[in-house]
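Okay, so chain A shows up in both of these, paired with chain B first and chain C after.
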Partner chain A sequence: MNILRIKAIAKKEFIQISRDPLSLAMAFLMPVILLFIYGYAITFDIDKIRTVVFDMDKSSLSREFVNQFHESGYFRVNSYVESYKAIDPYLDSGRARVAVVIPEDFSKNIRKGYNAQVEVLIDGSDSNTATIAQGYTLAIAEGFSQRMRGSRVTPLIESRSRVWYNNELKSRNFIIPGLIAIVMAVIIALLSSLTIAREWDRGTMEQLISTPIKTPELILGKLIPYFLIGFADTILTILMSTLLFNVPLRGSIMLLLGLSGIFLFGGLSFGILMSIAGKTQLAASQAALLTSFLPAFLLSGFIFSISNMPKPLQIVTYLIPARYFVTILKGIFLKGSTLKILWLEALLLTLFAVLVFIAANRKFRKRIE
Partner chain B sequence: MFERIKNLVIKEFIYYFREKRTVFFLFATPLIQIIIFGYVATMDVNNVSTALYDLDRSSESRELVRRLESSGYFTIKRAPSSPGEIRELIDKGDVLCAIQINRGFGKDLQRGIPTEIQVIVDGTDSNTALIAMNYINTIIGRYSRDTVGAMVNADIWRLDLQNRVWYNPDLKSRNYMVPGVIAVIIMLTCLLLTSMSIVREREVGTMEQLMVTPIRPLELILGKTIPAAIIGYFDMALVTVFGVFWFEVPIHGAVLLLVLCTGAYLLSVLGFGLLISTVSRTQQQAMTATFFFFQPVILLSGFATPIETMPAVFQYITYLSPLRYFLVIVRGIFLKGVGINILWPQIAALLILGTAILTISALRFKKRLA
Partner chain C sequence: MIEKSMNENNLAVDVTDLRRTFGDFVAVDNISLSVQRGEIFGFLGPNGAGKSTTIRMLCGLLMPTGGIGTVGGFDINKESELIKQIIGYMSQKFSLYDNLTVEENINFFGGVYNVPKEKKTERKEWVLNMAGLTEERNALTRNLAAGFKQRLALGCAILHEPHIIFLDEPTSGVDPISRRNFWNLINEMSQAGTTVFVTTHYMDEADYCDRLALIYRGKIIAEGTPTELRKKYMTRDVLEVNVDKVVEAFNILSFHKIDAAIFGSTLHVVTDDAETSREHISKTLRESGVTVKGIEKIPPSLEDVFVTLIEVS
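Coming up: the complex of A and B.
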């Protein structure tokens, strides 16, 4: 290992990066834009569900019932129709997701003390929104029943729910910590995956081969600039999450930065490994996409919970470093976890980083074919 | 003219198929994406791992637990023996929720005295937490009502809610995700192919050779976009067949309409690809720009979360995204089985957007060549 040679390669790579201000700008703008979109636009909090009402009863009671939907804040009743048939186009075109049908005898039944019926049609195509909407309609019906019964019957069991870690159930708090892993995965996929393939594509690899540089020196030299960019991105993301989006950072920031560094190093080594294996830039880009961005997005528990996946895929997730990193991020941010709880994840991340770095060194042949 | 375009298209295909690795990525990437998405991208909440801390151990508490378990939404995984242990289990993520039934629960119920149950939910994953909490409350509410009913020996008055779910009666999120993934895969493949294949010529220097041939800019554009469109169509067919036969996602509408609408969608996608190629000099830039472009487009299209939950500003931005319209079309055709009479606004929007983008990019492209 010769520090001078590593420095020379790193310097060359830096110059190449700075000659390409467009890519550099994108490397810094991307996290900002992603954070803005995820922070402001992407929310799993469902409210103001567009609702159409077919009220055959047209009584003060039925109006009161519809009003419950409005008042809950979860539904926005935006149209009334006069027939069953008229509901179809609303659901078909998506102008409404929920239709409430109140039968003619609604108020009559209530006054006589019979059970009253209400029909709710839900557009199930977006199953998540539909499930949540269904839960809300049940709760509204329960609340309405309760009110109609008055004080004669009080509910026997009160369930006292407490939500930990994210007590307002804001999806922003759930999404943004994991987003740091996604941002890094993107940077890794974009920047490091092409770095070796580019030398082959352009034919400059032959010049590099003729120099006395050794493989680990070359790889480290290529890695350092991207590491610095990625780390700057990480700090930027953490700052924006906590200062702009008020995501609580309950754990130690040093631990967060340290583990981020390890993840970044492993990821970049992996990107370089892909770049060595891919040879052409097109192949390397596809490989990086497939092996770092997609798994980080889908198999890490970032949004889709791992326990919901089929068993074989759950096993696959153990091979994905982003899985451990997302656990670490969410733990440190929301739960204030310490190394005592996260030691296994931290250990596996380190192991991954070391193994991949060695693999990249092995795979690289300093030879003209 | 056709001869020249044909030759360019053939040349392009030779490049794609020369390297085994490229072929692999062109066709395996979409397949792997659909498999993972199909299996992973589910927000369905069931078998929530639950800790039960039952201090009462009465027949009433057992009945409640039985109801929780038989709902299919909860699986009792742990039986902690102290509140401290609950904390530990949730901290480590071993369970997502904990239910604590205090001593005296059964006795209170027998005597008709209001009582309570403690439920603790890990809110980290707000979506799952919310749905799980709704389920618990519904189950407890029903149990409470049934107990009272049994006591006064009569049905308690209630409002019967008959929920009927249309289009996707089992509420499978896979049926919602897979059609969306098809739209995303077409876009990603075509964007990368068009932008990188043009920039490659520039980067390697063969663009100058192309320019000294009698090929006109428009022919060059067509020669570059047609192969991408063909591969895009092929990938779409591959992924659709896979989605329908493997994941058993129903197609209720007309397949022909889907194929035609894909054409309208490709107009804008190829237009954007061309646009990206005009702003990038190297393949690295093209790829970065593609990513830069397609992530916001996916997020702001209604792919993962409904557009109406976004703030108004972002809702306006979504009108510029071709994916927004195409998602309504694929989901409409797959799940709702609707036809042109419902989908025409989306189709019209795609055609207008596509023509506009394609024209702008073609003009920019010509200017850059000149």
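Coming up: the complex of A and C.
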């Protein structure tokens, strides 16, 4: 393998990238924009669910009950209505997600020691919010009940739950590390998928393959500039995560960068393989996008938990490198995991990278066919 | 650079029954040819005749469907990567990098061809000089005029001083003066001992070559030096018929079973006896109302040769 030839190719690619504003924008702006948009847009946190109240009792007890909702911080009571019918427009338009209906015998029943029924209507069209709202509601009702009873019954087992690794259960912490994997997978696949197909399209490949250059030299030479760009992107997204989104980084940065490097190499080799296999730039970039983005988004465990998937799909996820990278990212960011824990993922990522690189070399022919 | 010693015949290129099919289509139909060291060998033919396919097979860019041969002593079927080390190739479609400067392109190919460090600068300056681009080294390649682009492409193909170069229609789309200059370059290289294998569809360039092969529909229909070809295939006379309505005259002559070919604004008629034919043609055209400005016997050009040969085949 001739280093000088690899250098010549890498240098040429660098010059071409730097003179192509579209490539540059894609390389540096896209990850920033994607992370920005997805980071701020995707959140599973429920905060201040808008609530409308129909209080038929209007007693101090009913007001206290409604106040519990408000005090919890999860609900925001911003409207009061005087009839059932008046509730519909609120829920239909989305101005409120939850409606609390308190019957007129509410305080009477409680003072007598009977059960009081409260009706809570929840907008289920966003089932995620609905489920959480339901949970909070039950908790509030239970808490209120206990206070009314005067906590006469002491439970035998008191559960105190603590959440590890993400105490505030901020979904952002859970999403952003995985998001880095998605963004990187897409960017590098797109960038590298064009490089070989473009030379065929423009006719420069014919000249190139008439020279003594060897296939591995050509592929490595083309990988290098994109690898460096991808690496810069990785650092950029890590910085954004920690500084902008306040995601904690509890593990070793060196390990993170090292394993990211392996993921990059595999992803780029994959993009180049698409570039070789696709006859045109269009075909190559579409293939690269489809096979990198969709599997990474849906099957990497980034948002949708793998263990909840049907068995056959779970097996498929083993083939997706983003899956291992997401585990690595979450592990290093949130758990401070070391190589000792992540060795299997690291090994599999390396294996993928090597196999795809070899495949790209095999697939490329220094011939016009 | 590995160099095998040339075989005894001193043949830079030697192929037998070279064949290439694409599905049912036969692009190159069992052609055999040989090129001496230091020769300028021209491969002439119309578009689609099989020139590019042939040259690509010789350069190892396309696998032959059949046939055997050597280029620079290396087997075209089994040693194509070794062939690439000792040849220079200039493809038909302009294939330097548009968004690189002149110098960057030269540097790139210098690196890819492994030009030794000591010779890098010398070769670069030589190419810049040869192409007339010494002052333009920082110009973007896409902004160059066509003539300069061709010379730069040639230069990049010979940075490593190969002994054999293959040029696929190097003068396409270039103005006549630049074409002449380009052929002067080729001559200089040939004088210096380089073997040049050129394809072209410009018949007038045939005279610049030492030897030629005429290719049509995948077959070689004639071979030899320009003079040999003229002598061998042009035993007949050529009359140049000057009229104002060329197409009409052509139709009339065809109707009277006189074989003519349109050459620009004149007609060429190949005939065994110039004098009798001249009268016959003149009379036929005048009777049909076409004004004849003149009919002259002219020396047969290779284009005439070619047209005749095609009609024969």
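Basically, the second predicted complex is superposed on the first by the 346 of 369 C-alpha atoms of A that agree within 3 Å, B and C clash if a C-alpha of one lies under 4 Å from a C-alpha of the other, contacts with A are read in each partner's own complex, and residues count from 1 in each chain.
One rule holds for everything that comes next: a contact is a pair of C-beta atoms (placed from the backbone, for glycine too) under 8 Å apart; a residue touches a chain by one contact, two chains touch by 3 or more.
Remember, it's a predicted structure, so these values are computed and weren't measured experimentally.
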Legend entry - chain C versus chain B on the shared chain A, clash or fit after superposition: fit
Legend entry - First, second, both or neither for A:S79, with chain B first and chain C second: neither
Inset, instruction - Quick one: classify A:S59 as touching chain B (first), chain C (second), both or neither. - result: neither
Inset, instruction - Tell me which partner A:T215 touches in the superposition: chain B (first), chain C (second), both or neither. - result: neither
Inset, instruction - Between chain B and chain C, pick out the one touching the greater number of residues of chain A. - result: B
Legend entry - Touched partner set for A:S252, first chain B, second chain C, both or neither: neither
Inset, instruction - May I ask you to decide whether A:E206 touches chain B, chain C, both, or neither, giving the answer as first, second, both or neither? - result: second
Inset, instruction - Would you check which partner chain A:R5 touches, where first means chain B only, second means chain C only, and both and neither mean what they say? - result: second
Inset, instruction - Using the superposition on chain A described above, determine whether A:T242 touches chain B (first), chain C (second), both, or neither. - result: neither
Inset, instruction - Could you look at A:I15 and tell me whether it touches chain B, chain C, both or neither (first, second, both, neither)? - result: second
Inset, instruction - Using the superposition on chain A described above, determine whether A:N173 touches chain B (first), chain C (second), both, or neither. - result: first
Inset, instruction - Please work out how little space separates the C-alpha atoms of chain B and chain C at their nearest point after superposition, in whole Å. - result: 13
Legend entry - Footprint overlap on chain A, where chain B in one structure and chain C in the other make contact: 20, 202
Inset, instruction - Write out the stretch or stretches of chain B touching chain A in their complex. - result: 19, 21-22, 25-26, 29, 32-33, 36-37, 39-47, 49, 90-93, 108-109, 112, 114-131, 133-138, 140-141, 143-145, 147-148, 152, 155-173, 175-176, 188, 192, 196, 200, 203-204, 279-285, 287-289, 291-292, 295-296, 299-300, 304-306, 308-311, 314, 328, 331-332, 335-336, 338, 342
Legend entry - chain A partner contacts - residues on chain C that touch it in the complex: 56, 59-63, 81, 84-85, 87, 89-91, 93-100, 104, 107-114, 157
Legend entry - In the complex with chain C, residue positions of chain A that touch it: 2, 4-5, 7-9, 11-12, 15-16, 19-20, 202-204, 206-214, 366-369
Inset, instruction - Spell out the part of chain A that touches chain B in their complex, as residue ranges. - result: 20, 22-23, 26-27, 29-30, 33-34, 37-38, 40-48, 50, 65, 89, 91-94, 113, 115-132, 134-139, 141-142, 144-145, 148-149, 153-167, 169-171, 173-174, 186, 189-190, 194, 198, 201-202, 278-283, 285-287, 289-290, 294, 298-299, 303-305, 307-310, 313, 327, 330-331, 334-335, 337, 341
